[in-house]
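The next part holds the structures, each set out as C-alpha cells.
Below, subunit A partners subunit B and then partners subunit C, in two separate complexes.
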Partner chain A sequence: MEFLNYMGAVFTPFNFFVLCLGTAGGLILGALPGLSPTMAVALLIPFTFHMEPAAGLILLGAAYTATVAGGAVSAILLKIPGAPANIATVLDGHAMARNGQAAKALQLCFISSGIGGVLGIFVLIFFTPILAKWALAFGPSHLFWMAMLGVTVIASLGSRSAVKGLISGCIGLWISTIGYDQIEGVERFTFTEHLTGGIHTIAALVGLFAVPQVLQMIERRGGGGEVLAMEQHPVWQTVKFVFGRIRAISIGSIVGIIVGLIPGAGGQIAGLVSYDQTRKFSKNPDNFGKGEPDGVIAAETANNAMVGPSLVPLLTLSVPGSPTAAVLLGGLLIHGIFPGPDLFIDYPEVSWTFINSLLIGQLLMVVFGLALSRLAAKVIRLPENYLAATVMVLAVFGTYSVQHSYSDVLVMATLGVGMYLFEKFGYTAAPIVLGIVLGPIAERNFAQGRIIANAGDGMAPYFLSGGLNLTLIALIVLSITSSVYFEIRSRKQKEVSHA
Partner chain B sequence: MKKTIQSLLTAVLATTVATVPTLVASAADYPERPVSLVVAYNPGGATDFQARIVTMLAGKENYMNMPMVIFNRPGAGGKVGWTQFASKAKSDGYELAAYNVPHFIAQAIVFKTPYGIDNVEPVANWGADPAVLIVPKDSPFNSVKDVVAFAKKNPDKLTINGAGLYVGHHIAYLQFAKESGTKLVYVPETGGAPALKNVISGQVMAGFNNLSDAFRSQDRVKILGIADLERHDFLPDVPTFKEQGVSVDNSSVNFRGIMAPKGTSEEILAYLSEKAVAMFGDGKVQGKMKAGGSPMHVMTRAEVQAMWKERQAYLSDLLKDLVQ
Partner chain C sequence: MLDAPPFLPRSKWAAASGDLLVAAFALLLVVVSFSAENPQPYLFPRILAIAMFSLALLQILIVASGGDWSVQLTTILQEARRSSLAILAVILYVALCEWLGFYTAAILAFLSIVYIGSNNWSQRQFATAVAVAAATAVVLYVLFSLLLRVQVPRGWLF
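Up next is the complex of A and B:
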C-alpha cells in the first residue's frame, strides 16, 4: 500500500491542474480520428522539458489514458475508430448510435473504460515484480500464435457469411504486405510512388469505415437527409446497467490485462479478442453487431485495462512494450530517470506519483467523458448531409495529420470507394481491417522465428513445442471449434423458429 | 445551386493560392517560419528522442529564432522517410531531415535508393552512439573470445540480433563475422528496443545494440565489447573489439545529425550549420542528453562531409557482395 503515501502529490494545485488538462485534452485529441495515443504523447514531450519530472509524467500519463478512451467517441458517433484499439468498439457502438442510443453507448464506453483502466492499474501497482518476467517470456513464435489467435476472431466480426469474412480477411492480409517489407526491406506491390510507404493503419481504418458511410449518406439523400434520433439516458441507469454486466467486464479486463502485459501485442488485439469471447459466452450472440451493449463494454474495458499492464515491462525492465510506452520512456529519460528494477527504490516519489496520477486520471476521464457524452446529441442531430461533409473533412484531415502525407489521403480515398462497392456484395470492413492490423505482427514474428529456428533445432520444435506455444495453439483450436459450434447452433435455432 | 457552389469553390481556391507565398524568401530573412525536421524512425526511438532534445532550443533568439517541428515518417529502417525526403523535399531551407550514418549510406549502396551522400547536404552532427555486443545476464559468454570460440565450433548456430537490416548494428555484425572468420546468424528486428528485449529474455543468444540503451540495462545484460576505436566514458570497463583480438573499427558507430536536400543554397547551409553547432553545444541540450544517457559528438558541416566520404568508401567495399 506504499502508493497511498504518495497520493498527496497528485493533488497539489499545479499537479492536479496538469492532470485535468491532460485528461480533458487527451479526450478531445483522442476523439479526432488520426491522432493516436502514441502521437499525442510524443507531441506533449517537449512541454514536459520545463516541468518538474512528476508534473511532466502526470501530463503524459493523463494524455495516454484519455486518448485511448477518447478514440471511442468518433468510433461510436461517426463510425471512425480513433485508433486501432477502437476497431471492436465501432461494431456495436455505432450500431447503438444508429438505434438512437448514442448517449447510452458513450456512457457505457466511459464507465467500462474506467473500470477496466482502474483494474489494470491495480495490476501494475500490486503485481509488477511477478509479472515482469512473464512478460518477457514472449518471443517471436508466441507473438506469431497470438496474431493467429486474433485472426480466428474473423468469424465474429459481423459478416453474415463465414466465407465472405475469410475472403475479406485475406484481402486485409494482402493489403498489409504492400510497401517495404519490414524485415528484408524489399518493395512489394508498389505500383505507384504513393504506395512506397505502405498502407498506414490509420489511413486504412478511416478509409474503410468512414468513406463508405459517407457515400451511403449521399446515396440515401433524397429529401434533405435523415436526422438520427437520440434518447437522453440518465447516467445512473447506465452505471447500474454496467455493474450488471459482470461477464463482459470480467472478460474485457482479463483479456486486456493479459494482452497488455505482452510486449508487441497491442490494444487492437485486446479489444478484438475480448469482443469475440464476450460474444461467444453471451446468451444472445446474434445481437452482436446490431447494437449489443455487451460488445461496447467488452471492447472498451479491454483496451483501457491494458494501459496499466503495458507499463510493467517499461518500468521494471526499461523495455517499452508498446509504441506509446516507448515515447513515455523518452519522457522519463529526459529527466534523468532510468527505469529498471530499482526505479521504485531510487525515485519512489516520481514513480508512485506517476502511477497514482494514472489511477486518478482514469476517474477524471470517466467524469469528463460523461460530460462530453451529453454534447454528443449535438453531433448526432446534425442533418445527414452536413454530417457527411463533416465526416469527410475529418477523414481527410485525420489521415493527412498522421504523417503529413498526401499519398495517405489518396490511399484512404481509394480504399474507401473500393469498400463502398464491396459492401454492395455483402462484405464488411472489420475483417479486412483485422487482416491489415494483424498481418504485419504475424509476418514479422514468423520471419524472425524462422531465422532463429533454422539456427537451432528447426521449425517444428521452435513453433510447436513449449508450454506457451501449446497453450496458444490450444486457444486457437478452441476459438475455431467454438465458432463452428455456435454457428451450427444458431442455424439450428433459426430452422426451429422457421418451422 | 450548381453555380453558387462553383463560384464558392473558385473563391476558396483563389484565397488559398493567394495566401501561399509566391516568392522564395531571400536568405537574409531566413528563417521566417518554423522549419520541419523529418525523422525516419518511430516516435520514442533513440533518434526521435535525441532529435527532440537537440532541437528544443531552436526557437530561441540567439539560435534559429524559429522552432523546428519534428515529423516522424518511419518504415523499412528509414527507407520510407529518406526516400520521400530526397525525392520530394523543397530545397528552400524549411524542410530538413535527421540522418543516421552508416544506415542511409549502407542502404544507398545495397538498394537503388533516391538518397545517398551525393543527393543530400549535411548540416551538422549531434551524436555518436557506438554499437556494443550484448548477451543475456545468464549467458555462458563472458568475452568476445568466448563468442568467437563458440561460433567457430558451431557454424550457423549463433543468433545475433540488431535493430534491422543495413543499420549500424548490422554493419557491426557484418564486420564482426568477417574479421573473426565465423559464420553467424543475423536476426533483424524492427528497432533497437525490441532487439534489446529479445536479448534480455534469451530469445537470441547475443545482439548488437546502442551503447546508450545497453548502458541503461547493465543489470540485465552483459556488455562484451564496443565496436569503436577507443573505450567509452560511459562504460570504462568494457574493452573494444580490437583489444580482444578482432579487428572491428568504428565504421558501425551510429552518427546522428541534420541534413538538407540537394540544391539548398550555400548561404542557408552555412547559416544552419553555424546555428546547429552552437545549439548542440548549449549547456541545456548537453545536460538533457547526458541525463538521458545519450552520447554527444558535435561535428561541423565540413567534418561531416569528410566522415560521409570515408564511410562511403569503406561500406562500398564491405557490402560489395550484398548489392542488389
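Up next is the complex of A and C:
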C-alpha cells in the first residue's frame, strides 16, 4: 500500500489544478474528431517542460486517460471514433443516439469508462512494483533486447504492414543517432547546422503526430457528418443501470486489463474483443449493432481498463504498451526520469504521484465527462479548419518554447510534412516515434554490452545466450511472425471476398 | 485473386515507389557509415541502415510479387494535390516565422490554413477568421510570453 503514502501530493493546489485541467482538456480534445489522444499528449509535452516533473506527468497522464474516454463523444454523435480505441463504441453507441438515446449513451460511456479505468489503474498499482523488482536483474544485453522488443512490437502489431512497420522502427532508431554519439562524442549524420544537437524528442513527437493531422484535416475539408440531438436523461438512472450490467462490465474490465498488459495491442483491440465477447455471452445477441447498451458498456469499460495496464511495461521495462504510452515515455525522459527497474527506488515520489493522479483522474473524468455530455453536441461542431490552424500554431510555439531553438521548429515541420507524405505510402508514425524514444536506450546498452562482451567471450555469447536474452529474442521473433501470419491471412480473406 | 491493373509492370513500381525511396536512402546511410574515419560510433547506425535496406528490398519484393497493393501512386498524387496548398502554407509559416515575428506569422498562418481548409469563403467568414486568429494570437501571447516567460522571436513586426 505504498501508493497511499504519496496520495497527498496529488491534492496540492497546483497538482490538482493541473489534473483537473488535463482531464477537462483531454475530454474536449478527445471529443473533437480528428484529434487523436497521441497527438493531444504530444502537443502537451512542451508545456510540461516548464513544470515540475510530477505536475508535468500528471497533466500528460490525465490527458491520456481523458482523451480515450472523450473519443466516445464523436463516436456516438457523429459515427466518427475520436480515437481507434472508440471503434467498437460506434457500433451500438451511434445506434442508441439514432434511437433518441444519445445522452444515455454518453452517460453509459463515461460511467463504464470510469469503472474500467479505476480497475485498470489498480492493476498498474499492484503489478508495477512486482515487475520492477523482477526487472532489477536486467543487464545491458537484456535492456538492449528490451528496447528492440518495444520497437518491434509496436512496429509489427501496430502497423498495417509488418515490414513497413519494421522499416519505420529502423528509421526512428536511426533518427535517434543523429547528432553527437553518446560514447565517443563524435558528430554523426549532421548534414546541416540545424541537426548539430541531434533531434530533440519533443520536436520529433510534435512533428510526427501533430503536423500530419493538420494536413489530413485540411485534406478532408471538414467532411463531418450530421450531429445527432441530445435528449434529457437523469444521470442517477444511468448509474443504476450500469451497476446492473455486471456481465458487460466484468468482460470489459478483464479483456481490457489483459490486452493492456500486452505491449502494442492497443485500445481498439480491447474494445472490439470485449464487444465481441459480451455479444457472445449476451442473452440478446441479435440486439447488438442496433443500440444495445451492453455493447457500449463493454467497449468503453475495456478501452479505459487497458490504460493502466498499458503503462506497466512502460514504467518497469521501458516498453510502451501503445503509441500514446510511447509519447508518455518521451515525456518521462525529457524530465530526466528513466523508466525501468530503478524507477520506484530513484523517483518514488514522482512515480507514485503520477500513478495516484491517474486513479483520481479516472474519477474526475466521470464527473467532467457527465458534465461534458450536456455540451457535447456544441463541442464537436467546431470546424476542422479552425482546429487544424490552432494545432499548427500551437505546434510551432510549443516546439520553440522547449529549447528556444528555431532549429527545433524547422526539424518539427520537416519531420511533420515528411511523415504526412510517408503515411501516404502506408508507413506509420508510432514505430518511428518509438525508435526515436528507445534509440538512445538501445544504443547505450548495445555499446556497454559490447565493452563487457569484448572483455569476456565476445559479442555473440554475450548478446545471444542466457535464458532472458533468448526469451526476449523469441518474443521479438514471435511478434514479427505473428503479425506477418495475420497479415497474410487477412490478405487471403480479402482475395477470397474479391473473387 | 485481386484484379491486377491493366498497366501491371508500371503500377507495380508505382506501388513500391515509397519503398524504393527508403531503399535508396538506406543505401546512402550504409555508404556514409562505411566511409567514416572513425568507424566505432557508426556501428549501431550501420546495423540499422543495413536492416532498413534489407527490409525495403523485402517490401519491394512483396509488392513485385503482387502481395501488397494497398498503395496506389495515383491516389497519393491526388491526395497530395488536394493538400499541396496546406503543405505550402506550413512550409512558408515555418520559414518566415522568425523573420516576420512569431505572433504576426501565427495570425497569417492561421488565416491561410482556415482559408485553405474551408469549402466556401464569404466576407462574414473572413471577418470571423480574422477575429479568431487575433484572439488565438492573444491567447498564445498570454500563455507563452506572460505565463511561461518564453521570449519568442519578434521579427520586424511582432
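Basically, the second predicted complex is superposed on the first by the 272 of 499 C-alpha atoms of A that agree within 3 Å, B and C clash if a C-alpha of one lies under 4 Å from a C-alpha of the other, contacts with A are read in each partner's own complex, and residues count from 1 in each chain.
Convention: a contact is a pair of C-beta atoms (placed from the backbone, for glycine too) under 8 Å apart; a residue touches a chain by one contact, two chains touch by 3 or more.
The structure presented is a predicted model; accordingly, all values stated were derived computationally and were not measured.
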| item | value |
| --- | --- |
| Contacts of A:His404 with subunit B and subunit C, given as first, second, both or neither | both |
| Touched partner set for A:Gly139, first subunit B, second subunit C, both or neither | first |
| Contacts of A:Asp181 with subunit B and subunit C, given as first, second, both or neither | both |
| Partner chain in contact with A:Thr38 - subunit B first, subunit C second, else both or neither | first |
| Contacts of A:Glu384 with subunit B and subunit C, given as first, second, both or neither | second |
| Subunit B versus subunit C as contact partner of A:Phe338, first or second or both or neither | first |
| First, second, both or neither for A:Arg491, with subunit B first and subunit C second | second |
| A:Tyr427 touches, of subunit B and subunit C: first, second, both or neither? | second |
| Intersection of subunit A interface sets (partners subunit B, subunit C) | 181, 183-184, 404 |
| Residues of subunit A that touch subunit C when the two form their complex | 47, 50, 160-161, 163-164, 166-167, 170-171, 173-174, 177, 181, 183-184, 186, 188-189, 211, 214-219, 221-222, 383-386, 388-390, 392-394, 396-397, 400-401, 404, 406, 409-410, 412-413, 416-417, 420-422, 424-427, 442-443, 446-447, 450, 491, 494-495, 498-499 |
| Footprint of subunit A on subunit C - complex, ascending | 1-3, 17-19, 22, 26, 29, 32, 36, 38, 40-45, 48-49, 51-52, 55-56, 58-59, 62, 67-68, 70-71, 76, 79-80, 82-83, 86-87, 90-91, 93-94, 97-98, 102, 106, 109-111, 113-114, 116-119, 129, 132-133, 136, 140, 143-144, 148, 150-153 |
| Subunit A partner contacts - residues on subunit B that touch it in the complex | 42-45, 48-49, 52-53, 56, 71-73, 75-77, 79-80, 83-84, 87, 107, 111, 156-159, 164-166, 185-190, 193-194, 196-198, 200-201, 203-204, 216-217, 219-220, 288, 291-293 |
| Complex contact set, residues of subunit A against subunit B | 38-39, 41-42, 45-46, 49, 136-140, 179-185, 193, 196-198, 263-264, 313, 317-320, 323-330, 333-336, 338, 340-341, 403-405, 444, 448, 451-452, 454-456 |
